[in-house]
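Next come two complexes, and both contain subunit A; in the first it sits with subunit B, in the second with subunit C.
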Partner chain A sequence: MKRVRLDRWASQLQPPRNPRLQVQRCAFSHETTTLPRRRETEQQRQYITQTQWQCQRRTVSSKRKASTATALQEEGNEVEADTPEPSSGAKKPPTGPSPLYAPSHRLAARSAKLAALHARLSLPPKLPLQTLARCLVDPSADPRTDYNNAPFAILGQDLLGYHTTEHLTCHYPRLPMSVLFAAQYAFVGEATLASIRAEWGVEVVAAPGVEVDAGLLQLKRQVPGNSIVEGTGRRVKDMPGVRVLGARLGGGRRNAEWNYRRGVSSRVVFDDEFGDLIGGEPYAGAQLSTSASEDGSAVEADEADGTTSTPPNLPQSPDDTEATTVSDASASFVRAVAGALYLHAGAAATKTFHRDHILSRQLDLHTMFNFTHPTRDLSRLCAREGFEPPVARLISETGRLSRTPVFVVGVYSGDNLLGEAAGASLNEGRVRAAAAALRSWYLYSPSKVEIVLPSDVEGMAAGKGKVWKPQVIDVGEIVT
Partner chain B sequence: MPPARTSSLCASCATALHSQAPSTSHAGLRTFTTTAAHQSAPAQDQPRWKQTPPAMKMAFRLRPRPNQPEWKVNDQQAPLDEMYDSFVGHAGEAAKGQTGVESIKGRDLLPEEVKWLAITHKSFDHGRRGFNDRLAFLGKRIVYLQTSLALLRSPTAAPQVFTTKKERKNENMNIFHHPALAGTENLTAFSKAQVLSPSRLARLAQSYGVDRVVRWKPKKAENLKGSGVETVLAHTVYSIIGALAMQRGGEVAARTARERILQPLGLR
Partner chain C sequence: MPLQALRTVAKSQNGVGAFILQCKRIDFHYCDWAGSSRGMNAFLKHQLPAFAAQNPSIEISVSPRPGRHPVIKGQYINGREKAICVRNMEATEVTKKAELLKTASGEKLRRDRKPVKSFNESVRGVWSPFHGRQYKI
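The block that comes next holds the complex of A and B.
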């Protein structure tokens, strides 16, 4: 008969402990130090709310995926798990002192989900399954750079952003900046990439752990902002300690000042590729620039060039990381696949990936315009370009004295029709026609034969096929 | 005897009117389609970068001049060409063999209008002569990508492939090692932000002489830093890269970004 190991059995014979009352800790963690008091209560609160939320939303499938470490009610004070127990996968004990927070790369080859994903996306064999498994690990699940997808995501974001921008700039050289930002977001923004992740059929874990399947997206889920914090009557989003938007490492905007107005031009330098404020800190513990009025006594660690020399205080375990949303983590995953593809398979494969998954999506650019004074803008445009001033003329009409008249108005520059539209009143027709004229100007696209993307003649692609042609460079939109 | 002037103008505006000679602008109006009858170019037709479109400005100035020193920018071709030569350096060699490229100096890689457009900020002349926002947007994407790639190429502490027995003993079995993944630990948001902060780019731009040719209008001429000169210079650096990309292709732009921006900032 096998010897009964009472020290392990005892926990399972007891009734399941209430997760609300205990801080969760990974059974395989080697940490013996206790967390500081203040952080523990905050963590506890966060976890309590988190598990509370999970209890409400748990379905059968997610139960299977949930970390089994929570089922083994750890006794953090009694027994510290010195040696990790052999799990279902045959994992060798690590030679170096590096705990695992996500499935080991050795299990990647055994995961059916992962192999199916690899095949479904038609990824080249040069991209190994182990790297694809690493792409599925969000930094909130494992903060160490060697184990998560952060470097791939950064590279992938740069690649996808570059290819999208060059596509938009070469195909629509006259697009206004605000529309350009919006189009960039529509193609490679967070929401789009999140829906791409869902379309790919990648599922998300309820909580990350070592024993979950390697083909699932691992992240530490953020508590929804609308959920009530345990013990108080307030919602999470209303609790103090909200990040300041626009504060940025190494000299950023003075966005908090009352007399500062954020314009469109400065977004190119300060904000991200979508023109949005870079939210809060790029990582926990980052140095932030403060406005001159605030930091009277604050020590400015910034050097003269605006950069900080102190290395960042990075989290070392998932307990310290900030939780993210599924949307954020999905976007990171898709970007990470692009980045990993570049590293393993090269620039051409990444460009093909971008074409197949990003550019294949349809976007109606003509719906993304918002004109406040189209007649004024059209008049300025004609003045700038040296056209004759625009004149609105009634082309046809019907039902003038009825309840539903229709006036078809055209805006002419001399004898040339710039734009035409129908409206319920004469004025509406005129305004709509001017807007149509502006849209037709801004949405100008050169013929496909003339378009050569900058990356078509870059690097390895330089020798093959495409001959470079200078692209149309427009002076800029009408400043409204 | 009543003064001989219109009663709707105040005294200061009237003096301003009298002191200004009315400018006669006879710039011909272009027609929209090219199939229209060809109009002979008027005598004083200037390049687009040189003049505000005449239809966009009043024939005379009504409001009095503001009480601040007038901000003047460069309008000579020579300093601009020198700046481009100094900026592009030898990176123009990647453009050899392209049609229409006689020499690979920076000044010859771009046509005149594009050269001026790339250094024109939106604040100049109220944006009537065009501005470089779109070029800067593209250029920034190129510079960011090249920065990431350069960071990946930077030397790392831990090797990716283990050959000696001693190295194998120290190898961490939990990390998947692959030669293609060398340098990924260098690529973080912190390192990128360190390399590409606007103030560093502004100093680099100053070293190339961009601040002497950039066309913009500061809020306060006596406080350029408070008016955002660093932002404008960083913006202009990006837009020059973008202009090179649109005019000469991705290879020239990437090479310029690598050799003329990242290398001086410390990344090979």
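The block that comes next holds the complex of A and C.
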């Protein structure tokens, strides 16, 4: 009798054992069997993403990513597999798999924190989650400009600054330059943008890496100067030879030399939009003006290549980058969101973003003036405008011989009252009244009907209802 | 310099321009064994997907807490956390508690004695003894 061939006999009752078949796993199951990891197909991945809740789940694939090394390996494999696909924007370098220092785009699409941030800011669907994830990566976490938020931040800073400046100059045409700088800083300066980042509920990582959530702000944090260095009992800032952040000032400009008088005019020409010295290089790898010999060699190298090659001192990995502060990185993030919004959704969306998040903030311009000689300035102003010379007159007073007198003084040009204020002495009242008069001059605002912003009639908004009206341009500041 | 400026930071007015919902994350903890968690389990099965879809700006996390009463914890943008124990509640009541956490800001519960909160002193101007009708002795 023929021996029963158990494998054949059994195979008639069981389905054929095709080793290429993948085991169909229930999306809600929590079983952790040690199956050999197979490459999930795109379809299966989509199915899992659609059906699972946005909560942390330990599947077989994530279990094997417990260590950063294996995760990096797998991300590297994924990047390698993706390079043949047509990638939008050609972000990936052509030679070999590049290491990732921040969560990959696939992880970004699955991050609940990131999706929640996108919805909290009511960003349009045109701005993808992957771009928002890239906006959260500071150059100190990943120095490659294709993977961090530096390009978006530069664009966003220009856009936010442009919209703020046109708002201020059209609504307050007589605002003096120093107050304009300060108002610009109050709206879109580093401190305000850092505060905005906190108000948006964006948290900061303790240390950047591939395994962190894609919805966290990633940066390499600078060690605080007050912290104690291990081994010694001294603080970091007391250690000899330590370089203070911001010591590299000027970037080669004349403005930063020790004997240069930095007035308002020089700030307009040389400095940034807030009147502050521009520190270091505008972007990584920028050609700074140096001595003639170095210039010659740099220019020759560029011309020979035809393309700009990476200079040897450019950081290639997060180990080489300089650490930044949370405030700096937060400002970069907010600027990057504005820049990315412009690229994906257009100029109108950026303007709406600026109006909703920046201009909606409250700023008292009348508290930002710090006069040194208001009476002299008012006198020069009246002479320039052809008014009668200002005369201070006592309107009312009380308690002259008491401990707390009050003198209400008004400054008149002829019969017209320019400004009035109360003071504890006659002189104080006179000076405060002159300051009030100057404030009312500087804070002149045309009627809302007359104000037309340039961005309302330029570019894509041209011919859409708003007609351009020439705006008030002031003669200039008071020369004393 | 004739005129210097005093730098400051513009203050936020949430809702004047964009409105940022203050609740950024809600954690739901349930138990498969405890009887007090029945309502919570029913809520998680039937009502949570709709709640999550209606509130895309809240990061929702569901995790078991075996042997404990069910609890909902909300985390807010100001860094504070609010927890509500939903033991022995029906699914509809759990929904109400989740809505309560969603609509709260993270501030401590306090009673406001003043009717109006504003940056501006007044709309019609603050009274001054030196202007207007002078009192003659």
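Throughout what follows, the second predicted complex is superposed on the first by the 318 of 480 C-alpha atoms of A that agree within 3 Å, B and C clash if a C-alpha of one lies under 4 Å from a C-alpha of the other, contacts with A are read in each partner's own complex, and residues count from 1 in each chain.
Basically, a residue touches a chain if its C-beta (ideal position, glycine included) is under 8 Å from a C-beta of that chain, and two chains touch if they have at least 3 such contacts.
Since the structure is predicted, the reported quantities are computational estimates derived from the model, not experimental observations.
Chemist: Just checking: does A:V264 make contact with subunit B only, subunit C only, both, or neither of them? Give me first, second, both or neither.
Modeler: both
Chemist: Answer with first, second, both or neither: which of subunit B and subunit C does A:N416 touch in the superposed model?
Modeler: first
Chemist: Examine A:H105 and indicate which partner it touches, taking first as subunit B and second as subunit C; both and neither are also allowed.
Modeler: A:H105 contacts subunit B only, not subunit C.
Chemist: In the superposed model, which partner reaches more residues of subunit A, subunit B or subunit C?
Modeler: Touched residues of subunit A are more numerous for B.
Chemist: Tell me which partner A:S360 touches in the superposition: subunit B (first), subunit C (second), both or neither.
Modeler: second
Chemist: Answer with first, second, both or neither: which of subunit B and subunit C does A:W468 touch in the superposed model?
Modeler: Only subunit B; A:W468 stays clear of subunit C.
Chemist: Could you tell me if A:F152 is touching subunit B, subunit C, both of them or neither one (first, second, both, neither)?
Modeler: Once the two structures are laid over each other on A, A:F152 reaches subunit B alone.
Chemist: Can you list the residues of subunit A that meet both subunit B and subunit C?
Modeler: 264
Chemist: Using the touch rule from the top, collect the residues of subunit A that touch subunit C in their complex.
Modeler: Listed in rising order, the residues are 53-56, 112-113, 115-122, 176, 178-179, 181-183, 185-187, 189, 191-192, 195-196, 198-201, 215, 263-264, 355-364, 367-373, 376-377, 395-396, 398, 406, 408, 422, 477-478, 480.
Chemist: Give every residue of subunit B touching subunit A within the complex, in rising order.
Modeler: Counting only subunit B, the residues touching subunit A are 27-33, 36, 48, 53, 55-56, 98, 100, 114, 117, 121-123, 126-138, 140-142, 144-145, 148-149, 152, 169-176, 178, 180-181, 184-190, 192-194, 197-200, 203, 228, 230-231, 234-235, 238, 243, 245-251, 253-254.
Chemist: Under the stated contact criterion, what part of subunit C meets subunit A in this complex?
Modeler: Residues 1-14, 16-18, 20-21, 24-25, 49, 52, 56-63, 77, 119, 128-130, 134.
Chemist: Hey, which residues of subunit A end up touching subunit B in the complex?
Modeler: That would be residues 92, 94-96, 98, 100, 104-105, 108, 128, 130-131, 134, 145-147, 150-152, 154-155, 158-159, 161-162, 165-166, 169-170, 173, 175, 177, 180, 248-251, 264-266, 268-270, 273, 282-283, 286, 305-308, 311-312, 343-344, 380, 382-389, 413-414, 416, 418, 452-459, 462, 468, 470-471, 473-476, 479 of subunit A.
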